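Just passing along the structure, written as structure tokens.
So that you can tell them apart, the chains are marked A, B, C and D in the order they are listed, and the count of residues begins at 1 in each.
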Amino acid sequence: MIIQLKTDIRQSEHVLLHRCLDQMEIPFYHVDTQMAKYLVCTPQRDFDIRRIGHIEGIKDVHRVSGPHKMVSSNWKVGRTSLRFDDGTTVGPNDFTLIAGPCSIESEEQVVKTVLELKKYGLKFMRGGVYKPRTSPYSFRGLGMAGLKMFHEVCRAHNIKIVTEVMESEQIDEMYPYVDVFQVGARNSQNFNLLEALGAVDKPVLIKRGISGSIDELLHSAEYVFKNGNEKLLLCERGIRTFEKAYRNTLDLNAVPILKEKSHLPVIVDPSHGIGIRKHIEAMALASVASGADGLLLEVHETPERAATDGQQTINFQEFESLVSKTRCLKDVLNK
Amino acid sequence: MIIQLKTDIRQSEHVLLHRCLDQMEIPFYHVDTQMAKYLVCTPQRDFDIRRIGHIEGIKDVHRVSGPHKMVSSNWKVGRTSLRFDDGTTVGPNDFTLIAGPCSIESEEQVVKTVLELKKYGLKFMRGGVYKPRTSPYSFRGLGMAGLKMFHEVCRAHNIKIVTEVMESEQIDEMYPYVDVFQVGARNSQNFNLLEALGAVDKPVLIKRGISGSIDELLHSAEYVFKNGNEKLLLCERGIRTFEKAYRNTLDLNAVPILKEKSHLPVIVDPSHGIGIRKHIEAMALASVASGADGLLLEVHETPERAATDGQQTINFQEFESLVSKTRCLKDVLNK
Amino acid sequence: MIIQLKTDIRQSEHVLLHRCLDQMEIPFYHVDTQMAKYLVCTPQRDFDIRRIGHIEGIKDVHRVSGPHKMVSSNWKVGRTSLRFDDGTTVGPNDFTLIAGPCSIESEEQVVKTVLELKKYGLKFMRGGVYKPRTSPYSFRGLGMAGLKMFHEVCRAHNIKIVTEVMESEQIDEMYPYVDVFQVGARNSQNFNLLEALGAVDKPVLIKRGISGSIDELLHSAEYVFKNGNEKLLLCERGIRTFEKAYRNTLDLNAVPILKEKSHLPVIVDPSHGIGIRKHIEAMALASVASGADGLLLEVHETPERAATDGQQTINFQEFESLVSKTRCLKDVLNK
Amino acid sequence: MIIQLKTDIRQSEHVLLHRCLDQMEIPFYHVDTQMAKYLVCTPQRDFDIRRIGHIEGIKDVHRVSGPHKMVSSNWKVGRTSLRFDDGTTVGPNDFTLIAGPCSIESEEQVVKTVLELKKYGLKFMRGGVYKPRTSPYSFRGLGMAGLKMFHEVCRAHNIKIVTEVMESEQIDEMYPYVDVFQVGARNSQNFNLLEALGAVDKPVLIKRGISGSIDELLHSAEYVFKNGNEKLLLCERGIRTFEKAYRNTLDLNAVPILKEKSHLPVIVDPSHGIGIRKHIEAMALASVASGADGLLLEVHETPERAATDGQQTINFQEFESLVSKTRCLKDVLNK
């Protein structure tokens, strides 16, 4: 059960509500986000909603069955759209393209990419400065110095930054330079990181775990929401299966399922999904057709020379084709 | 290596060719299909192609690396289109919809379905009369009696039948009533069945195994081709993974990969893929966008009362919407 | 529900029983095996067992919940032991080693292997004459000629033959020369083959499918039992997962689960499981400790020269060590 | 390549060595652990080892092919044994049982468990105070207060504590009360946590990821070693597959593979593996037979009332049986 509270709920009403819930032996959690105040209740058994419904200060009460609460589509009318300060939105009425290199490598690289993105009116650039790498001997990213440079260029061109944060200790330092914090597949169930991001007032894009279930992805988003941040994006990026013909099994089945179960926007990352440059476009188109609200793409001027993930990164020319085709497809689907 | 032979190759040229190959210690296999004659050679090491290239009776010689030979895209210019006697084609220039119930249940059912398919100009109806069922206590299909009835109705309306054959012994009996033999996911590596279908002059649609790799699907098609039947359709129908939110993981990554590796048409079955009625349309659209040459769909007047697979079968109204949207999408993609 | 019938049940009692079941609208199936007569009933709802319990000719009535019936441990006291004509048994009181090459290659090979097996008192030799191969260009086995030679040598030494049958058409021809019919992993859900083996009075060893669930393996055994053959062995041989460090994931979890759910003997094939020669012994020992009733092992005088599966086959010396260690382990576990 | 340095290497020798490596353009990393000093080199191409071998201060030089370096079995003679201050060892010559509840719940619980462990001479108790939980609404553990109590009881009885650390920020606070830091399956690729644990001088037990490959587990251990901590334990705990008959697929194939590839001790956790109480013993025995150096077990006085993981936790009586049988088995295997 989710109880939406009025933002001007009085202390006395709070006390009354708590007392009622305690009397009915219903556990509850305060969820105060950037946008609203809620109580999430996890009752063990059925009860009469009228016993609390009359309390002033309550805006609405929703029964939410199933394990997910705040992220569930059960209680919210319509799907969620994220809104940035400059009016940019991400959600069901948009088709959001987030593109850029796997790793931030140099100022020249960022400038060239930004100019390319602006050609097609993109508003978000991705790029990693902290790279989770399987081997400790691999390139790990440019770190904070890279992020500051990345931010300077992007700010000058009015482009928003999506970049991965790897642990809670990094959040404060990164905060001024980041527009969307990305949680990578390997950290999809790093619950401490998720909780820490609950205290942030900037959006969080959560990738599905390498072999994460759809259910687990929703629970991970629930962690962030419960801790106060409801600006969330879910991201399908491929799962690990027995098939060896490509890098990961991009699981587009997840798109309609996530949209059914949750009100949050769903982004697909075909680059990490199939992981083969020449097939990124086909999977990008399929992602759009499956109902995705946006795409996360790896783009580089010369993928052959990219510091990381070159084999799955498209070049500027391929990017132009992809943007044009996916937008065209989205237009048809919207009709 | 694939040697294409002229159809009028003389016996003496044959003998000469064999002698050359024997001298070079190159194993070879005769492949005589409905359309052409080939020799598939599997040399252990490199050799000088000129030593055979001069022989009269040879039409062309192609180097084909990799484990797949006849089904490989390496030797054939352009992708294959299947051609039926009445001029109907299935392939890269078509968008083939094959629809119908999981199981053939009654004449009334077949008639209603056929009329529905004809409304939208479909030329193929699917429907099982031999049903592979996990439990021996489940409904197993109407068998030959059902097939004959199915055929009678379809012939009257000029609709072609796609239906599953479960073992080689059934082929002869089924032959007069079938237009496309379907090999189910559980028989995808039933090599005896595949070989027996190599002797048939009607098309074979091979489904990917339940946890079959893309490579194995191509090998299974190779079995049929090598034994003389090059009328082949590959079908992606979902693989088995850890995810429990849906029936199977429809693996659309397989579509561009299959089209890269093979010249054969690729059909997608979203019904068995995601296996959830309300999400069939999203996955059908995604299949089209991924590049599929056609769709295999479970359709029933009243899915709630279907003998089998009702939970993943769409009704006539949903089918109308799906046909219209997928065709519209295909049109845009073709531009 | 399983109704055990007396072997001398009278026709009139049969009629009465059918009438009772029909009146209660309970579907039922006759199962007449080499050993006994049963009726398997699949009622849709609960009913009063006393309405049939009084009928003469009934030996016993068992409620069996769950999808599996005849193979379920629910109705049978104790675990099953297979008994051969010469008194050899396979089951919970034995520890059965079945060993031999992947493929039968020559008489010399068979003779050498048989002599090796007899050194350690083994009673079963495995060896394929029909080999399911992913590629149609691979070695496919010696066929019937090989089987006859195999049988001649084995009969002379009083060794029983376990060999794979690939389709129902082969059964009659193979029958005189086979002691245990093996159903391979790729045929684990070849329902026509399973049904045909139900009509045979020799034991059937069914391998779990390549990505077959434990539940499916039990259903496949149910197919054979329901069609009249209750001489069954279940075989775990590794499943397909994402892990690439070995051939298959030998799933020893399946052993205690199969023994809990079914009364049938459980054999483990560590050769196909881990698929790496130097680790076969470790997995064989683990199989024994997990509770397996026997092992299926690939052994060859010179694995390096084996026609098939050499990389996972142990030589005679390694075999001696393995036999000695596994038997020693089994003795300790039996205490 | 791994260069072992003498502990008393002089600064001038260091400089000389660096200069040589720089001249040959070989990247290198200093690894200074509690026990020794190393240089890990990752040359791109072959080179003449004699060009550095003569430098004083070098103890030994090992070529190590493959992606893993410090954790690889390539450079170390014999397998590693961890040694605690009181002389307790964990490794190939021991059989280490680590047992205890999933979650620390109360002092009474800890006392009872400790007394039970001492009956059988165990030296390690497991117990979580920080619990990674899929849902934010689940019990999360007693935290630091619980750990301090846990430590007090254990210290009084000379029992060592194995407990999970969830993020690098927790390490300092937990340090005084922990003997072995456990990295859970969900944090198996939390590279920041792994690096932070590299700075600790206490052992780290790393669990394989939920769908982590064996290769990834070794890379995760490499992270810790490279950052200075060579006291490492690898732990197999089951992987995620399609099979639904149990919780996870305990992958005992990993045991011989890990022992082949790495010199580090291998522990198996059958409780999280199969995840079914009545089958823990069978899988524990199989783990021992597969070659495990120890077991991690969930034990609780009354599993039915355990705060977490009750369904896979054995009670004291079952534990007694398991200890006795596994030790007996280990004795036989050691002969």
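General remarks:
Operating definition for what follows: contacts are C-beta pairs under 8 Å (C-beta built on N, C-alpha and C of every residue); 3 or more make two chains touch, one makes a residue touch a chain.
No experiment lies behind these values; they were computed from the predicted model shown.
With centres defined by CA atoms alone, the chain at the far end from chain A is C.
Between B-C and A-C, more C-beta contact pairs are found at B-C.
The mean-CA centres of chain A and chain C are about 50 angstrom from one another, to the nearest whole unit. Centre to centre, using the average C-alpha position, chain A and chain B are separated by 39 Å.
Each chain gets a centre from the mean of its Cα atoms; for chain B and chain C, those two points are 33 Å apart.
Shared interface positions of chain B, defined as residues touching 2 or more other chains, are 211, 215, 240-242, 244. Interface residues of chain A, counted against chain C in their complex, comprise 211, 240-242, 244. Within the complex, the chain B residues that touch chain C are 27, 29, 40, 42, 67, 69, 132-137, 166-169, 186-187, 189-193, 195, 209-211, 215-216, 219, 222-223, 226-227, 240. Partner chain D is touched in their complex by these residues of chain C: 211, 213-215, 239, 241-246, 249-257, 260, 273-274, 276, 278-279, 282-283, 285-291, 328-329, 332-333.
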